[in-house]
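By written order: A, B and C. Residues from 1 in each chain.
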Amino acid sequence: MVEPLLDVRDLAAGYAGRDVLFGLNCRIWSGELVAMVGPNGHGKTTLLRAISGLVRPSRGEILFAGKPLARLRPDAIVARGVVHVPQGDWLFPGMSVIENLLMGAYLPAAGVRVSDRLDFVLSLLPKLAERRRQLASTLSGGERRMVAIGRGLMAGGSLLMLDEPSLGLAPIVIDQIYEVVFALKGSGRTILLVEENAARVADHADRMLLLDNGAFVWEGSGPDLMVRPEIVETYLGG
Amino acid sequence: MTPVRRDLLVGLFLLGLAACVPLLGPGRYVTTQSTLFFVWAVVVVQWNLVLGVGGIFSLAQMALFATGAYATAMLGFYLKWPMLVAMPAGALVCVLVGMLIGVACLRLRGPYVALLTLAIAQMMYVLIVNDTECFTNGSMGCLPLFGGVRGIGQFGDLGLRALFPSKWYIAHYYVALALLAAAVAFSIMILGGPLGLAFRALRDNRSYAMSRGIGPFKYQLWLFALSAFFTGLAGAFYAIHFRVVGPTVFSFSTLLFLLAMIVVGGIGSIWGPVLGAALLMLADEGMREFPEIRDVGLGFVTVLFIILCPRGIIGWRSTLGSVWRRQRMRRPPESSPNP
Amino acid sequence: MTIGAMYAVSTIGLSLVYGSLNMLNMAHGAILTFGGYVCYAAMARVGLPSPLAFGAAILACGALGVLIYLAAAWPLLRSPNFETNIFIATIGIGAIIENAMLKVFGPYPIPQPLAVSGDFVVGHVHVPDQNVFILAVALALMALVAITLERSRFGRAIRATAQHRSAAQLMGVRVGFVYAQVLAISGALAAVSGILVSSIATLTPVMGADPMLKAFIICVVAGLGNVYGAVASAIVLGLMEASVQYLLGVRWSLATLLLIVVIVLIWRPHGLFGRSQEERQ
C-alpha cells in the first residue's frame, strides 16, 4: 500500500481560541486531484491554512511525505514542497507581474534555474508574458488570479493547493484557469483544490470531499457526487 | 450597584483616607510629596481619558499641563490677576489649546497623533527656550515673553501662605486633594455617561458606531477639551505651589515618568493610573539615592511592563488570561492514529 | 541641501521599519546618538582610523537594531496593540540608551572627530568640504539602499514582507529574519546619520531627539512606509528649514515645519504619497 503524500489526522484548528475544524482526517496520494466542496465558511480555507502553516492547529497531526508539518513555520512548510495559492490572490501590490512571479521562486530549488521555470510558467499563462512589467495592483481579476497561480507554480513543490481559483471571475476566464489546472493534473501534479462550484471539477477530480461544519461528511468520486441530488441540493445549492 | 456608584464609593473612601493623613502628623516632606502625587495623578487620570478611553494616542498632556501653568503665571504676572481667577482662566486657555490640538489631530490615527503631539510639545519648548528678546525689563531683569529659560515667577499666590504661615503646605495638600477628587469624580461621570459609552463604541467597532450617528470628530474634540481642563488646572496649581514655572515642565524626563505611571498602573481604567502614580512616586523615593539611573530605571520599568504586562497592574487578570490561553495552544497534540 | 540629505538617510531607515513592521521606532534618535559616540570613541579612545571607526559605528548600531528586535519587537508582535505597545517600548529603550550615553560620556558637547576640514569656492559662495562629504555619503547610501531594494532577492523579500506579510510567508520568506534585518539596516543608517549630524554640530547625549522628530515628521508627510517619497520630502523639507531659519530665525523653523505638516495631514491624512493600509495582512 503506497504511503499518502499528505496525511491529516484528527486535525482541529480555528481562530482566536474557537475551533472551526473538528477532528479532520484526510489523505491525499501523489498525482491525485482532490477537490474539497461544501458551503462557505465551514472550514475549507482553514484546512488549507492549517496545512500551509498560517494557522496553528490546536490538535492533531499533519504528515507530509511521512514527516510532521503541524508545528512548523509557513516558510519551512513551503520549503518542504507544500505550495498554497490563497483565496483572494494575495499579490504584492507594489510589485510587477514578473517580480511577483520571481517571489514565487524565492526559495532556491536544487537543480532548477529560475529563468527556466519562469519560461515554463509564462508559456502556460501567455497573457502574463504580455503584461510582465505591469504593476500587480492594476491588473484585472482574471489576470491577478493567473499571477497568483503562476506564482504558486514558480515554487515548484510537490503539493499544490488552490483555494477557490474561480472566485469572482467571469465564466470565460474560469474556463481558461481550469484549462491550466487540468493540464497540470495531466502532467502528474498533486493538487488539492477548494471549489464552490462542484460541477466544474467533478469530471476531472479523482476524489471529492464534502466538508460541512468543520468535518468531512462525504467522500467519493466526482460522478458519484453529481448523481446524489440530496447532497447536491443541500450542500451545493443545486 | 452600577460601576459609576462603585467607583464613586471607592473614590469617597480613598478621599476620606487621604484627608486624614495630615492629621496624623507625617511631616512636611511626606505632605509635600503627596501633594505632588496628587498633581501628577490628576494629569495621569486625564491623560488616561484621552489615551485609554478615547484610544487617541496623544502625547500632548505635558504640553497642556505646561499651558495651564504658563497661562496662569502670565495672567498673574502681566495682568496682575489674583490667582483664584487666574487658575480657572488658565485652565480655560488650556481647553482652547487642547481643542486646537484636537482639531489638528482630527483625521489622524494612532502613531500619527503621537508624533504630531510630540512635535507640538517640542515646538512649544523650542519657542519658549529660544526666545531671547526682552519683553519686559522689570524686577526680574530682562524677561522674554514666555519667561525664556529662567521662567516666570512672582505672579501671585492662593493666599494660603499668608493665611497659614507655618502650615501652608497642609493647606496646599488639601487643595491638591480636592483637585484630584474633582478630577476623578469628573472622569467617573464622563465614563459612565453618554460620552464614555460613545467612546467605547467607537473603540470597539468604529464603523458601526459611526453608522449609528456617533461622529468621532465631535466626541474626540470634546474629550480633548474636557481632559485639558483639569490638566490645565493641575498645571496652574503646580505653578502656584512652586512659585515659578519654567521650561523644565517640558522635559522628556517628566513625560517618561508619567508614561511609566500609566503603563505600570494600567491604561483604560480610572484607578489604574492613580495606582501607577502612587507606585512610581514611591519608587522615585527609593531611587533618591541614585539620581543618575533614574531615567534608565524608568525606561526599564516601562519596557518591562509593556512587554510582559501591557494592561498594567490593574489589568493583571487579563494578562494572566492570555498567558494561560497561549499555554493551552502549546500543549503537544494528542495523536490518535486512525487507520 | 546638506540638511535634507542628512535627514533623508535617517528617514529611509524609519520608513523601512514602519513599512515592514508597522513599527514606529522611537529609539531611533538614541541609536543615532549611539552611532555618533561609537565613532568618536573608536577614534579618540581606541585610536582607530576614521574608516574603521565609521564601520565600527555602523556595525554597533546594526547590532543594536537586532537587539531591539529581539528584546521588544519579537515578543510584542503577537499582542493585539502592537503598534501602541512597541511605540511605548521604544520610548523606554531610547531613554535607556540616551542615559547610558549620558553616564558614559558626560553631558558636555564633544566635537566629532570624523570630519573633513577646509572648503572650496563656487562663485562667491564658500562651501565647506564637510558638507560635500556629507552629501556624497548620503547620496551613496541612498543609491545603495535603492539598488538593494529593487534588484536583489534580499531587497525583494523586504518589500514583499512590507506589502503583504502572510503572502511573503507563503513564498518561503522567513519573516522574522526580515524584520531583524530591517532593524539592523535601520540601525546602521541611523549610525551614519548620527555621525554626519554630529560632524556639523557636536556630540551630545540628547542630540538624537531633534533629528529623529524631524525624520518622523518627514516620514509622516510623505506617508509612512513610502521610502522614496520620504527621501524626496526630506530634501524638500531640508531646504525649507534652511530658508525659514535664514528668513525668520532658528526658533521658528520647527513651528513652520509643523504648521506645514498639520496642513498637509489635514488635507491628506495618509501623507502625500501614502496609501491606506487596508491591504496589509
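Following the convention adopted for this analysis, contacts are C-beta pairs under 8 Å (C-beta built on N, C-alpha and C of every residue); 3 or more make two chains touch, one makes a residue touch a chain.
Model, not experiment: these values are computed from the prediction.
Student: Tell me, please, which chain's centre (mean of its C-alpha atoms) is farthest from the centre of subunit C?
Tutor: It is A.
Student: Hey, which chain is the most central one here, using CA centres?
Tutor: If one averages C-alpha positions chain by chain, the most central is C.
Student: Counting only C-beta pairs in contact, which chains form the busiest pair?
Tutor: B-C
Student: Between subunit B and subunit C, what's the gap in Å when you average each chain's C-alpha atoms?
Tutor: Centre-to-centre distance between subunit B and subunit C: 30 Å.
Student: Could you work out how far the Cα centre of subunit A sits from that of subunit C, in whole Å?
Tutor: So the centre of subunit A lies 41 Å away from the centre of subunit C.
Student: Between subunit A and subunit B, what is the gap in Å from one C-alpha centre to the other?
Tutor: 53
Student: Using the touch rule from the top, collect the residues of subunit C that touch subunit B in their complex.
Tutor: 24, 71-72, 75-76, 79, 81, 83-85, 87-89, 91-96, 98-100, 102-103, 209-210, 213, 216-217, 220, 224, 250-252, 254-255, 258, 261-262, 265-266, 269
Student: Which residues of subunit B touch subunit C in the complex?
Tutor: 57, 104, 106-112, 114-116, 118-120, 122-123, 126-127, 130-131, 252, 256, 259-260, 263, 292-293, 295-296, 298-303, 306-307, 310
Student: Can you list the residues on subunit C that touch subunit A in the complex?
Tutor: It comes out as residues 153, 156-157, 159-160, 163-164, 166-175, 279, 281.
Student: Which residues of subunit A touch subunit C once you look at their complex with the stated criterion?
Tutor: 52-54, 73-75, 78-79, 83-84, 86, 90-95, 99, 102-104, 106-107, 151, 155
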